[in-house]
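Each of the next two complexes has chain A plus one more chain, namely chain B in the first and chain C in the second.
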Partner chain A sequence: MINLTLQKQLNGVNGPLQLDVNLDIEKGAFISIYGLSGSGKTSVLRMIAGLMSPDKGSIQVADEVWFDAAKSIDKAPQKRNVGFVFQDYTLFPNMNVEGQLKYALRKEDDPSVVDELLEIMDIGQLKSTYPRTLSGGQKQRVALARALVQKPSLLLLDEPFSALDRGMRSRLQDYVLQAHKVFGLTTIMVSHDVAEIYKMSDQTIVLEEGRVAKQGKPQGVFANHEVSGKFQFTGEVVSIEEQGFLLIIFILIGSDFVKVIGSRDEVGPLKVGDRVMVASKAFNPIVKIINP
Partner chain B sequence: MDWTPLILTFKLSVVTTVILFVISIPLANWLAYSKSKLKPIIETLVSMPLVLPPTVLGFYLLIAFSPSNAFGKWLDESIGLNMIFSFEGLVFASVIYSLPFMVHPIQSGLSNLSEGLKEASYVLGKSKTETLFKVLLPNIKPSILSGIVLAFAHTIGEFGVVLMIGGNIPGETKVASIAIYDEVEALNYSAANSYSLVLFIVTFSILFAVYLFNGGYIKRFWG
Partner chain C sequence: MNKYQGVITQVESDGALSIVHVDVKGQHFSAIIIDTPVSKPYLKSGSSVYVIFKETEVVIGKEVEGHISLRNKINGKISKIDKGALLSKVTIQSVLGDITSIITTNAVSAMGLERGDDVQAMIKTNEVMLSPVGANDVKSGA
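Let's turn to the complex of A and B:
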């Protein structure tokens, strides 16, 4: 059982942000934290790992207190026994794959865990390879293996798959799930990919502006807006052409241009540069497999 | 040609570089990561020899270590260390004078490393010292090499500070740069030229080797 009460003033990309999070996490659970960038997701992980100190609050894991502002307890990251997989992997450039794992061993650890992890993560053949020649997916597996060497009770994953393509992502998700089961971990994963959260987690927490906006099973949490009978996108108006009483509006959604037709009455006062939401009922969609 | 001044120059450079290396690593590490209020003061002091005329440094060291004042006298009487016109004094002055050349490259190497490397090592339970020696320093080898070579080469090129505190004692403080000056004064141009040529070739070779190594040319052409 992990008990978190975290308060901290953060300076995010969108200005100052007051983070205020209370969470109880069951042992053995797979939790995901979802939210837009700048909502404080990564900060929560960093505070659990001891890389950032909350202003107020406490962190209790099982019956150990890792942080308590009132009692001035702040355990060093070295003493918290967490596994942390960083977004950019942070492999040590001066060590080969086996070296990375061996470095993570403590004096009292059985060194055979290194070979075991190389096996589980399918990186045995890369033993003597250095990080700069590894692919993204391989780096990710090495980072994961390295985080598991000390058999931590808690595994923290910071958007672990965001830099990978779809196919690789799916395989790596399986590696993580396997590790979660084999080692009996409690895992907390930051992600902004709803599909990934569905696939992997038991519980999900939605952070908005530093606060828990929703929490529960992924199906319940995302049911209202993500899973619905309509498509919905946000974009920016690039140009508006008037043709009689109709308007032809060019909208940039992600990197795609979409041409939408509307009337003055319907869309109201619209100008170039406005951020808009485009929605359509999904009663007759075209669904096509595009896997490579 | 009398080789003594050249040998003395290289002895001084080697000793100075070794001492500098040992003190610069903790100092550069502190400067790279500390948030202390003292940091700007220490940074300024470390950089001072870059802009201060060597004669100023030499002058104050001469005053400080002179046996005619209390501190110099105490040093001489208590541990028998005479810093004026002696090799030990030269080493001390050189260490101060070449300090920024060793500290700056190591400090900037450390500051340019991703913060994540350090954090990843801490999360793996490794202490600050272990992280420094096993993760951080091995990843800034080119900066360390630059520091060593610059400090070494800079000590070879020392003149003003040596003249002030060391004087011109053959075999003790008469290094090559002083010997050149001496020979020119005596209108002995061919001897001055021999010393100069040796210094020129040696310093060129050292710096050339560093640029070859740090520029990756060696790996590209022979690796």
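Let's turn to the complex of A and C:
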């Protein structure tokens, strides 16, 4: 069990933000944190990793206290047993793949874990390769393997796949899920991608302005619009073209664009950049196989 | 988007599907949805719901005789026609309030639709959405 009580005054993109988050996370759970930019998602991960100190509160992982403001306990990041993977690949340019992993080994670690991880992440053949010749997906697999060398009790992922194309993202998600299972990890992932959250996590937490706005299984958290249209997505308005009394609304849903016909009466003061729900009855869509 | 508040009068379920009957100011509506009272507890007699359907799904009939498979039929009077090159927006005054329909301008001309005409607005059962009143209804999601 991981108990987090985190309070911190942050300088968010939209001005000061009071982060106030209390969470209990079961061992072995895969938790996702969802929210708009500036809602405090990354700060939560950074505080758990010890890269940022809360003003008040505590972080307890199993029996270990990593942070306690009242008792002035604040373990250094390297003393916290966490693996951290960021969106941008933070590999050492002067080390080959195997070197990256070996560098993370501590004296007491069994060196065989390096080969095991090379195999799980399917990067064994890249052992002697240097980062500059790796693809984005390969780099991120190396970063992931390196984060797991010390068999962390907690894996923290900060939008780890958002720079990758969809096919690669899907494969990386599978690697992470496999590692999560094989190593019995507790994983906390920050993600903007609802499909990813559905696929990966048992529990999702929606942060709004530094507070937990919703929490639960992804199906419950994202399916509570309570409209009976089952063909339902959230997206962002990219452009609006007026054509007489009609609007042609371009909406980005995941990495796909859709065009939707609407009217001013229907959508009111809709503007570019708005987050929207797009719903249709489940009876309308047609389904067609497009496997290669 | 046409949206009216009503009360559920009956729910018929079969497997994962339900046909929900709703009374809106004395006007009967039916909606078929992929949910049941088990998956969505608000689906019961007496619950307040919004009945929602898109303008482009509203069929207009004039002097309709014989049988028609559309279950949702509302009598009204045309109060406004906003003609575009291809599409027209027809506003129909009814017991529900205004119903907006978008149909082709071609259809408006062919049927000779004019302001003041008595017409029927019709919506297929599978085009009607429901949303419980008071819930996080149609607005942008988290």
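Definition applied: the second predicted complex is superposed on the first by the 225 of 292 C-alpha atoms of A that agree within 3 Å, B and C clash if a C-alpha of one lies under 4 Å from a C-alpha of the other, contacts with A are read in each partner's own complex, and residues count from 1 in each chain.
Note that contacts are C-beta pairs under 8 Å (C-beta built on N, C-alpha and C of every residue); 3 or more make two chains touch, one makes a residue touch a chain.
Note that this is a predicted model, so its numbers are computed, not measured.
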Chain B versus chain C as contact partner of A:Y103, first or second or both or neither: first
Partner chain in contact with A:M277 - chain B first, chain C second, else both or neither: second
Dominant toucher of chain A (residue count), chain B or chain C: C
Touching partner for A:G15 - first (chain B), second (chain C), both, neither: neither
Which superposed partner A:P269 touches (first chain B, second chain C, both, neither): neither
Chain B versus chain C as contact partner of A:D88, first or second or both or neither: first
Complex contacts: residues of chain B adjacent to chain A: 114, 116-117, 119-127, 134-135, 138-139
Complex contacts: residues of chain A adjacent to chain B: 49-51, 76-84, 86, 88, 90, 92-94, 103-104, 106, 146-147, 149-150
Residue ranges of chain C touching chain A (in the complex, touch as defined): 1, 31-35, 40, 42, 52, 54-56, 82, 84-85, 87, 89, 100, 102, 126-132, 135-142
Chain C-touching residues of chain A, taken from the complex the two chains share: 34, 206, 208, 213-214, 221-222, 224-230, 234, 243-246, 261-263, 265-267, 274-277, 279, 281-283
